[in-house]
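Look for chain A in each of the two complexes below; its partner is chain B in the first and chain C in the second.
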Partner chain A sequence: MVRALLVRTARALSTAWLIASAIFLLSRSLPGSGPRLLTDEQASPFGQQATTEARYQQRLGLQTPPFYFRLLPWRWHGTPNQYHSWLTELAQGNLGTSFRDDMAVTTHLRQALRLTLPLTVSALLLSAGAALLLAQWAVHRPRWYHWLLVAGYFLDSLPLFVVGMTLLLVLANPDFWPLFPAYGLPAAASPAGTLSWEMVPYLVLPVAALTLTSVPALFLPLAAALREQAPQLYVTAARAKGASRHRISWHHLLPNVMPVFLTRLADLVPGVVAGALVVEVVFALPGMGRLLAEAVAARDVPILVGGVLLVACVRLLAWLLADFTSALVDPRLL
Partner chain B sequence: MGARRLLLVSVPAALLASIVGVLLGTAAGYWGDTGLRLRQAAVIALLTCFTGLLVSEPTAVGWWLLTAALATVVIYSLNCFAATVAVPLDWLVQSTMAWLGAVPRLVLVLALTALHAPTDWWLTGMLALLCWTNTARLTRTLVQQLCHRPYVEAGRTAGLSSARLLWHHILPNAWPSLRTSLPLNLNTCLALQTTLAFLGIGLAPDQADWGATLANARLEPSAWWLVVSALLALTLTVVALYLLLPPSLTKLTVSSRLTSPPTLRHKY
Partner chain C sequence: MFRSAVIGGLLGGILGFTACSPSAPPQSASGPTVRVCWPRDPESLNPVTLPNAYAVQANNLLYQSLLTVDGPTRRHVPWLAAVLPVVERRDSLTYLHYRLHPQAAWDNGQPIQAQDVVFTLKVLNCPGLPNEGLRSLVSFIRAVQVDPADPRRFTLVCRGYAPEYRDNSGEFPILPEYLIDPQARLRPVPLQLLRQDDSLVSRLAPIRAFQEEFNQASRWRDPRTLRGSGPYQLASWQSGQQLTLERKPRWWADSVLPRKPALAANPARIEFHVVPNPATALLALRRGELDVYPHMPGPDFARLRANDSTKFRFYSPASYRVTVLEMNVQHPALRDVRTRQAVALLVDYKQLLRATQYGQGQRSTGLISPREKWAYHDSLPLRAYSPPRATALLRQAGWQQTPAGWRRPEQATPLSLRLFYSAGDRTFETIALLFQQSARAVGLSVTLHPTESGQLSEIRRNGEFDLNLRTLYGNPFAYDLRPLLHTSSIGRGGANRSRFGNAASDHLLETLYTTEDSVTKKRLLQRLQTLLYQQVPFTPLFFEPNRLAVSRRFDQVRPSGLEPGYDLPAFSLAPAQP
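Coming up: the complex of A and B.
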């Protein structure tokens, strides 16, 4: 078990490193993929553009070659290169500084996570709870199960921003039901501020959109597994001994489908983080999603690579947790 | 206009993803790690030529390719290079799939689109690159199962070639399940493409897209018809794609225990 976990961790870490390296190297080697450093006003028309850009490149450390060597034709550059310095800094836990404002990437990410973490965690907990309750309820009601299945497939196939926009159109529109505030956060809450109860109405719709799109991914496999277990002999035996339906559902069926549920939940975690990206843009919340979308628009590579690494680490953590809890629930998996 | 972009970007991307997925999945499922063997000398010659190609001037690329082709022909025509080595096809395909699946698609496609100026072919390529894995996984499992059927064993004993076995005996039997992959891929590509457009990425400013329409509609909340028209177009397309699926797929997923339909492998 420990060995399997170690192998899995090593593999996931190396995958994360490979992906981050690929994005870093592609960003430095593709033509025209450098950061958009200058706006039209800054790039003065009097021939000073070249010198200004050279100064920018000096400041951002872009004047050294991108990798240890180049191909077509072969040339060895040695250690003074952009990848080497990025990797050394990464080993010390430093993700570099943003191209745009020279702030550390870790500071940017930490600030963004203050909002994204509550958003995603509450959406995950809500969808896990809702999927469990719905699946247990629908197992004994075939007709309802059929309709829930159709609704689940429908919701699952829609892009998340469609669900978000529909909620926005119906529940936060002055022409329909203006139940919730539409955009952003209350004026008092600064982006670096802590969470307060004032923010709750602003987070209802984003959490609802995330939950609605995540529930089918948990509910459909869970309900299928529960229906598969329901006609098993141990259920009949429990019923013959006089166990109530409630007891059978929660004490006999549930532990047997827990591994399926936990694996699905672990698969969902990075999906919800990615979903938060869309939801934050829809509802104009200053979190990870906005940070990454703005970084993409400005080709701010350090922030992008930092974000990708963070999401890969979240996935790794989710897998490890799922493995661990599955082993706790079902010791045969050890 | 949004429909035109769907035709220009999502449809080619989904087609490409399905074709690549079926090809790689079939190869991985049929040959596995040991089924495909190449002559050792040919592998060495190809690797040498590839390394030579990478370290020399770009003008010499043609010569290296010609040398590689000639060397392969010579090695396969002479009997003294009979030693073979197995190509770990299955391992290669599975590792690539694991590598691409380590980060949610949306995050990867976001990062990759940012690296290049917004052109349709780059977006199509990126979407295809990230979407082929579901089809490949499905095809690989199907082909692996079909390979052990008695009629395939009988065909192999009768001396049929791999191409004939695959084309005439295995793929026709895998087709009923495989035909679901194109609508599902199209759905994924459409979702990713419109989401990107919604975020304002990978789209030239003068292009129209359902996602971009929705993003612009947010600026004017009272213009509900803008939102409703784009939402309707998107939703109806998605529903139409799902109606293309055979009804057996939904039944199949209800009865299967651990396996899930391809769409449920996290949307982003």
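Coming up: the complex of A and C.
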């Protein structure tokens, strides 16, 4: 088992490296993908544009070739290339600095995660809890199961933007119930600072939006799996032995559907660090989603590659954990 | 029992949260707090970087330049300078004689002197700093001559001559040497040396040490370092969330009388709230969590004006941002001027204004705003939407209408134009759809290509488009249109994306640049406008309005068409309504 785990970890790490390398090389090689100082709307003084851009590229270290070689036509560049420099820095745990403000990528990621983690972790835990309870409750109530299924599919079909805006327009609107703040965080709260209880009212609507849209993704497959297991002989046998409905649900059915639940949960885990862009935009929260989206728009490649590397690592880790836990529940799966 | 406790708890929580909801900001005895909505973060407050308009706005509250722009009068006025500079032309050089304000001082009480201007120019010319944009703007300044008799007098020595030098020479922020270079590493390095080859200069030890110090990102978030001669100081900056500036308790211009608008600084505290979603920003404004909402989307502006006019004042002065439909004049199908004229006649300008600007934008015959009456060529008629004339022009250009579309006898495929624009821009999407519809009515095929902005830039630069939608930013001061229209600006050398131009138009642009006499300049500008009107490298669709909503708590908004569109330091509390 340890050997299998080690092999999977090695595979996961090499996949993360491949993903980050692909993003790094694509962002440096494709035409129009690099950062530019002057946009089409901004004109430099006459005759200065090329020099200004060249100085900008020079400062960011983009004047060297992107990789060790060029394929067409073939040319060997050697180690003075952007990929080699990035890899050397990465090996020392340095993800580089942002093209926009020269701040370390790790600082940017850390600040964004300070906001994103409370938001997404609480939404994930609430979703997981709600999905488990609802699925267990509905499995023995066919009529309710039907209506919950309809509600689940309806919620699943709603875009997150619609759910977020609806909550905002109903619960933060001066024309309806202005119960919660409309946006942002309290003035004293800072992504760089510590978390405080003052933040709670500001996070209620974003967490609610994320939870409402995540529950169906967990509830629907879990409820379906539970329904599939319910007529099995081992359940009938347990019932014949006098086991209560509660015991059958939690001790007999649940372990058998756990792999389904864990796999779905593992799919949602990367969102914990990737942030929830839509919710962050709607509620003006400076989290990971907005950091990465703004990095893409500004061609801030170090932030983008750092963020993607982090998300890829978390995704792979989540898969590993899901495999490991599923194997614990059912050793045949290893 | 349990249910009652849960319901009670929920109600209590909700009431508690409601109590936590933000209310009106505290008003200091020294001035009000103004809360402004920004759609994005300034990204950097480094005074030599200024990556976007929001960074520029914040910077103008922290630092001062020699001159500033008075929005409502659309003129440059002295700021750190005592008066406007005196211009002297000698041989091939221009001398701009400046005198700094006699009371101008840094926060440590030391007077602001000519040496600070020299230091600033050294920083702006120093290689390896994120100063590329400003460096190119001051590249015409060759040297600074400090008056030995008066440390506040100096002369900027400029290469060649252009009327714009007077205004441009005063537009960079003056930096305090005592905070930015306390070791005085740049002092022994002459300005002329910094203007030499970057690779040579970067090898010098004092330059390397200065670069290392200057490029520490944390410095430009530290209120102790990020401090200029402006009336405000940084209180806090939470990236992507909020930037707060506080009025300095003692500012050098407090004692200057009579008080001019440029030296006003009434709010005690200015908060910039980053709210990227317009619907959320509108809600926050209506809840009283924001006071100023600039650049409002048209539908929100119209709705708010109709429903909440008792709480807000509304302004919509025409800006200097013009949206154009650009044509690639080197594209084989568009090489004939009659085809371009026909395309321009297929734009339903009035419908576009109604659909995208809610009737508030301003039409124009060219790139010059109709507000600039002296320069605007009002004898040219506004181009009208006219499919019959467009059809006639297409025929004159050799196109024949067939069931498959417009075709030239020698061409196998019918004419089909590709219209590129920035993906996700709702205004551009609407314009593109309406234009496609109008073109289809005369049998002309237009395919729409919403494209990611970086890729779009590359396509425009390489001339790989037929038509393209673009917004151009202008101002009422400079009429140097060479970066936009000169043949040297085609491709990577500038921003001439229509690839328009020939020797005659280049000569006209160069003469216009160097002409000072206003009568001659007006004549040349009219010639240029006529040329562009006839040649149609682009057709201007409209000048966008600066839609602005401000809480009625405030007075002295001083709206203008120039960025940011309002005079924040002039804001004062409005007298209470009876």
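Note that in this section the second predicted complex is superposed on the first by the 314 of 334 C-alpha atoms of A that agree within 3 Å, B and C clash if a C-alpha of one lies under 4 Å from a C-alpha of the other, contacts with A are read in each partner's own complex, and residues count from 1 in each chain.
The criterion applied here is as follows: a residue touches a chain if its C-beta (ideal position, glycine included) is under 8 Å from a C-beta of that chain, and two chains touch if they have at least 3 such contacts.
Quick caveat, the model's predicted, so the values are computed rather than measured.
Overlay on chain A: chain B and chain C clash in the combined arrangement. Of the two partner chains placed by the overlay, only chain C lies in contact with A:51; chain B stays clear of it.
Once the two complexes are laid over each other on the shared chain, residue contacts for A:149 go to chain B alone; chain C is not touched.
Of the two partner chains placed by the overlay, only chain C lies in contact with A:100; chain B stays clear of it. In the superposition on chain A, contact of A:180 is made with chain C only, not with chain B. In the superposition on chain A, contact is made by A:312 with chain B only, not with chain C. Of the two partner chains placed around the shared chain by superposition, neither chain B nor chain C is touched by A:255. When both complexes are overlaid on chain A, the residue A:61 reaches neither chain B nor chain C.
Legend: residue contacts after superposition of the two complexes on their common chain; A:204 is shown touching chain C, with no touch to chain B. Once chain A of one complex is fitted onto chain A of the other, the partner contacts of A:297 extend to both chain B and chain C.
One listed stretch of chain C collides with chain B once both complexes sit on chain A; from 6-14, 276-284, 438-446 or 546-554, that stretch is 276-284. The residues of chain A shared by its contacts with chain B and with chain C are 32-33, 165, 168-169, 173-174, 182, 281-282, 297, 299. Against chain B, the residues of chain A that register as touching in their complex are 11-12, 15-16, 18-19, 23, 26-27, 30, 32-33, 71-74, 149, 153-154, 156-162, 165-166, 168-169, 173-176, 182, 213, 216-217, 220-221, 224-225, 227-228, 260, 264, 267-268, 270-271, 273-275, 277-278, 281-282, 292-293, 295-297, 299, 304-305, 307-308, 311-312, 315.
Chain B meets chain A in the complex at residues 54-58, 98-99, 102-108, 110-117, 187, 190-191, 194-195, 198-201, 211, 214, 217-218, 221-222, 224, 227-228, 231, 234-235, 238-239, 241-242, 250, 253-258, 260-261, 263-268. Contact residues of chain A toward chain C in the complex are 31-34, 36-53, 55-56, 58-59, 97, 100-104, 111, 165, 168-169, 172-174, 178-187, 189-192, 198, 200-201, 204, 281-286, 290-291, 294, 297-299. Per the touch definition, chain C reaches chain A in the complex via residues 14, 16-18, 20-22, 40-41, 43-44, 46, 49, 51, 127-130, 132-133, 135-137, 139-140, 198, 215-218, 220, 236, 238-242, 244, 271, 273-277, 279-281, 283-284, 286-287, 289, 453-460, 470-473, 480, 482-484, 486, 488-489, 492-495, 497, 513.
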